[in-house]
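Labels for the chains are A, B, C, D, E, F and G, by order of writing; each one numbers its residues from 1.
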């Protein structure tokens, strides 16, 4: 070598200026990126709040929060009681989670603890496809397949009901819960499994008493995401639950969710500037607050249950 | 916190065994000198027999020390403890040999010879035994102040030895026929002198153990 | 003293093993349940749609005749949308992730941003539609253009990408940083040459999965008023556009049954597209995932 | 008239259309044909709903707004405020068809009063027997388009006079869903656009409605066009911005739409207006553009 | 699948002592797919002694002790021939339940792997899954096991804190306590100190020596001095074979086989 | 922030030899928050020698050598006083660029940490970030560094394969090669063999000994025998203080301080 | 693959140094016997002086061996190599001492005494030197077959010694005034005999090195 590397390096050092600037610019650039995410939230809140204020100038906020009647379209005495939309949303979410959590979690446990590596490699992508099917497809699946099936079991079940779309929303989020929970469970170090197996534990005991608790925060995170998806799901409900806002806990009744309402109005006839028009922002705001609370709760829970390893 | 408990115990055991061995050699010397004085052939034979035990014991301690080195990776003082165990036992074995040599000389001299043993030989023995005791304490307490004493004692031993040899030679000059006997006697004195030298070596070893440097007390 | 009664342990063993077996079957059934449903769904879609799936379908615009209806505009629209969404969301998302993981000191502000992001990930897509309508379409006067749709979608999937990228960056072991710093590399050099290359598989996988969410989304685009019929291809980011899910949605709500089959054909195309994207993600995951 | 305007060179050859999803199929068909003849012209059509369409029309974003109901007062006011002049054109008719299940062998016709009685919230009809004596005492199930659709609006206005529709009616935004509902429910009754009935003739039974002249009329091309089928026959509109008509492309498209609306609406399942209506409309168009 | 392939004359290295054996391994072979990882192992493992297994990386040490409690079966591609008798029963006998085997044969792993639970819960995990529910017994088990693992004094005041708060050495002793809680007969240890610092290593080593009064211990280590310090017998593995199996003193002072000598003196193959 | 606090009389342990020193550390103190991790260190590190640092876990060994190339600053809560001169220049002098320091002071870590790139790319990483782009020079650098790290023969035919395919010991030597590529003067090693098996450990040890001809090496180890085997001088740390710093032979045969002796003989505190 | 190269080199160096030391003692013995025959006081003085070097060398090798044990954690044969290094050097040092003792005796006898040295002392020396050579080979090649030979040689040495002592005593009987001289002479023979004994010890050590067990060749 003509010149030693360290000499070359010293020479280069003397001549370089640019990296210094890059070095200083980088955190600022990335900081701006981060701030944009904050702006997104600000944007959402700003958007929602402005229009929501207009709405509450016309409709009493008390009525909005406490009334159980949601009949915005009657010209004579429209009533805006969000509770019926909330109950619809909760009903769907509840049914969905009732389906998705046991099935999704069971699937996750099966894949992570029992299935062979090969089976896992095949089944997981299949489940992910299930997650990718457009929701409108699920909607018709609920209406034309699940509802008739349910009618066989529950005679007199109306064609529009909360049960069928609830189940299908559940089916739609099974892959999400299964896949994320499986990720959480398979990232539990195998040394822990070995520790338990070596004491004579069965696979079931390992799964339920070791892996599940250790992966709990990840699993709860998957539930939360699932619940968020269920709350935010629009098309399935719009197609199969009817669009009758009702304050009810009866799963056989037709209901309407917050999201379905927003879509209904935004595709519908209500004129711009009408109270109905502003009501979608109020509903959107409620939805946002709803998910915010949910997420805070979830974060609290997952912090509480986190088992560090 | 006391760590390496087992190793500590092993080292302690070894020390005890070494002290034991020292005591054997001491006993051998006492018996040997007694046999010499009393022309006690049986005792002499017994000493020769018993020396085998001492040899075995030496081998034993040796092997243990080597095993401990192999298994415990000792360093510094621990290592020196084991190294001097090897050295001290070699010395002790030689001391045993010297006692045996005296017993051999006793047998060589045979029963009923008329030669009186030079009384100072007893003094030599006494010094030697005193030295063994000192050495045992030095070993037991790893005490260099005690070990230092050995050097002085060895000096008086050397003086005694020279006196004895001189006086015996003078005697030979008057009793030429006794030459062979005197020779054996001289050798015996020499053996005790060598016995003491080895004890001095033990002292040196203790110094090495404690200070980590080699000394020459002779 | 024996505290553990060995006989008892032995006796209980049988029951435990049986329970293990039974519940395993239960888990297996749950897994099959999901798969059977998928099978049913796909079967229905394929039997309906396959007849309409020919070359023409890809090369034609929408039409009032089911036989002539095609998905060209929607596919191209979806691609345009992705062309906007992908770079924007990736750049913003990865940038945010780098900021949060590498530069931000762990204080209240970063915690706030962090919480904000994980919260955004849970906000329903329709709310993003409202945001896009108000901010991009109206406030910034972008109209119902590709750019407005793309930006809306970008924001929608931004949190997903941020979280995935953070995860990927965080999983680059600390010793890699140390190795780089110890050679005299600067922070930016370390990020660019060590962290990002190592994190790229994770980022891409997360990114593609997020994009495949975006490509199937209907509601927010309905909100901002994406078009339904266009008989031409978009020319630039200011053009109007339609996307596959909207086109499918439109077809399904037509009275003529034939259109429902056309919709099924559209769904097949969408599914295949999703499948391709997922496979790419899986491929990246398998091919580039490095074990540390 | 083809473009003679010198301005056409610099103006973009584009017509922005948005609005009702009911009107969408007609305009889609028109645009499809128009584009085939004028490949350089772009006619994008959105489906923001009648209300959403007007919103954009008011914002000045569109040239033509499709509507399945006439413009409302507040919308007119807003347009006025914005200084937007426009003209309303009827382009087709839809006959809201009242249908029952195929197995329903008792309903052979219904009067407006009966419909009113059945669909009102207050009147408390539960079973068929409550509607007309002799009909079975089986509970009726109601299916209706969503409350925010033009179809619902029209039905509500014409039959219920704007009163509250019964709350137990199953509402759906998607008329196909209603088809499913009625054809799958023995005691179901519902109403929706004529096209949806036409497509599902085989699985549904349409109910003749007694018109103001006392005749029970079954909805069909002829009865709707001729106006015999009333009051459930409703017009559909496009609203065109005057300002846009100065652009030859828009003018040409509008003209083309009015010329072809009749045949196109029939093609997609609606009913054409009498020819004279289109002729009048074309004249009006020329008046506006002073051509 | 598991049959004794052939009956070769028993090598002299089968057993270094004439005591009772808890394990009797004969002509045991193991393959990972086509990879012959253990080759014709014959080896008796004596009761209440510490048996060390040494050998270069990849020689099959871990594979071997994982075979002893059939943990190796968790690897899907594993095939085996030959026999392993535990207390006179072939562990591959279909009637022999693997869970039972693992209950009486405890295992401690290279990296401490406590469960992410409290110290208390870690220790009672075993008893609990085996159906012991009484709080009082469990409390006793915890105290006894932790004392047995020389950990009681250090943790008795924080039994309900998370085990991950312990130091590496404490975690490893906790894993040993967890293992003692179900009162096994044998404890298998796979390089139990290789993740620990020297002090913790010494503590675990001392623990192992004190445990051999009640348990038979098999310990894999690639720290030869460790094998030398704590074991009674040592087996040297190379390329899946037992090269030499003898009293530890013998192995480390005067091994019979040149390869053993090369290995222990740090000269290798 | 960095001032010489007081000028205590220099301890006899500052330097075991009279040779040139590459580092001169005086009254160096370091705190992690309120935790006093290094206490008044005075120590000269000689040129072209292997200096070993031993001491129980948590005594500050890693902290100390990370202070030598200022890697310790990556921990936000760190505070320091005293001086460290490198080649006569105070490394905390604001004019002294930390990147330059780290360029001439290489570091090798406990766990081999190659980048997930090809072997070639790993080695040229350093030269490249320092702006060397010529393929020909880079090729030469790769060959020279790999030869220097005694790895060339083993990998020369697969330079473009991923470094993760190498064994642990090879990875560690690759990390050393990577470090050699920028031709440092000093190589700091923090327990470079604690994650390696005995064979690899020996190879790395031999490499270290051969490297001292050209480099000054500081190696942290808690394998005392390793320090004994490969170093010229050894410093014993305890609770953040240098208890004894002397020629290795002296330390391991006859340490001056009782605590040193207790530590090296395995008796601790 | 050769690992622990440095350690191997160190061991080889040590072996060379031991052989060197053996050669020194050999030379010392040769000189000592020459001085005895030739009544060469100067040479005797020189030998006594040179013995200090041997002592230093012994200490040196000793320390090196201990350091290597401390630093290299040897086991099995490696460890035995170092252990016997310790032992062999002790023997060699003693052998040097014996040469010195002969030189001392020479001085004691003084110049111009008329005593003729027993010619067989030369033979003893020759055997001793032969034995040293054999031992050096045994050390160098770690060859036990060679080491085995030493036992036989030592036997002939013992025979020679006894013959000499007997003949000298006979002579004394005739020349009683020469008693002191004879005694010195006898001691000298004894020293050579001891010299050989120590060589035999070296043989034992080689046996121990190779076989890992202790033997007694005496």
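Miscellaneous remarks
Quick note on the criterion: contacts are C-beta pairs under 8 Å (C-beta built on N, C-alpha and C of every residue); 3 or more make two chains touch, one makes a residue touch a chain.
Each chain and its UniProt protein: A = Phosphate transport system permease protein; B, G = Phosphate-specific transport system accessory protein PhoU; C = Phosphate transport system permease protein PstA; E, F = Phosphate import ATP-binding protein PstB.
The structure presented is a predicted model; accordingly, all values stated were derived computationally and were not measured.
Number of steps on the shortest path from chain A to chain E, with steps defined by chain touch: 1. By the document's definition of touch, common neighbours of chain B and chain E comprise F, G. Of all chains in the assembly, those touching chain C and also chain E are A, F. The greatest centre-to-centre distance from chain F, using averaged C-alpha positions, is reached by D. Rotation angle, chain E onto chain F, C-alpha superposition: 180 degrees, expressed as a multiple of 5. Averaging Cα coordinates per chain places chain C and chain D 37 Å apart. The distance from the centre of chain A to the centre of chain C, each centre being the mean of the chain's C-alpha atoms, comes to 13 Å.
Centroid to centroid, with C-alpha atoms defining each point, chain D and chain G lie 126 Å apart. For chain B, residues that reach two or more other chains under the stated contact definition are 3-4, 7, 63, 66, 70, 73-76, 79. Under the contact definition stated at the top, the residues of chain F that touch 2 or more other chains are 100, 103, 130, 182, 199, 202, 224-225, 228, 252-253, 266, 268.
The multi-chain contact residues of chain A, meaning those touching 2 or more other chains, are 202, 205, 263, 266-267.
Contacts between chains, counted with the stated touch criterion, involve the pairs A-C, A-D, A-E, A-F, B-E, B-F, B-G, C-D, C-E, C-F, E-F, E-G, F-G. By the touch criterion stated above, chain C contacts chain D in their complex at residues 61-64, 138, 143-144, 225-232, 240, 250, 252-257, 260.
On the side of chain E, the complex with chain F involves touching residues 56-57, 197-199, 202, 222-224, 266, 268.
Taken together, the chain F residues at the contact with chain C in this complex read 69, 71, 74, 76, 99-103, 106-107, 109, 111, 113-117, 125-126, 128-130, 162, 164, 175, 178-179, 182.
Residue ranges on chain D touching chain C, taken from their complex, read 16, 18, 21, 24-25, 27-29, 31-32, 35, 42-48, 52, 56, 59, 61, 174-176, 193, 195-196, 198-200, 264, 267-269. The touching residues of chain E, counted against chain B in their complex, run 199, 202-203, 206, 209, 225, 228-229, 248-249, 252-253.
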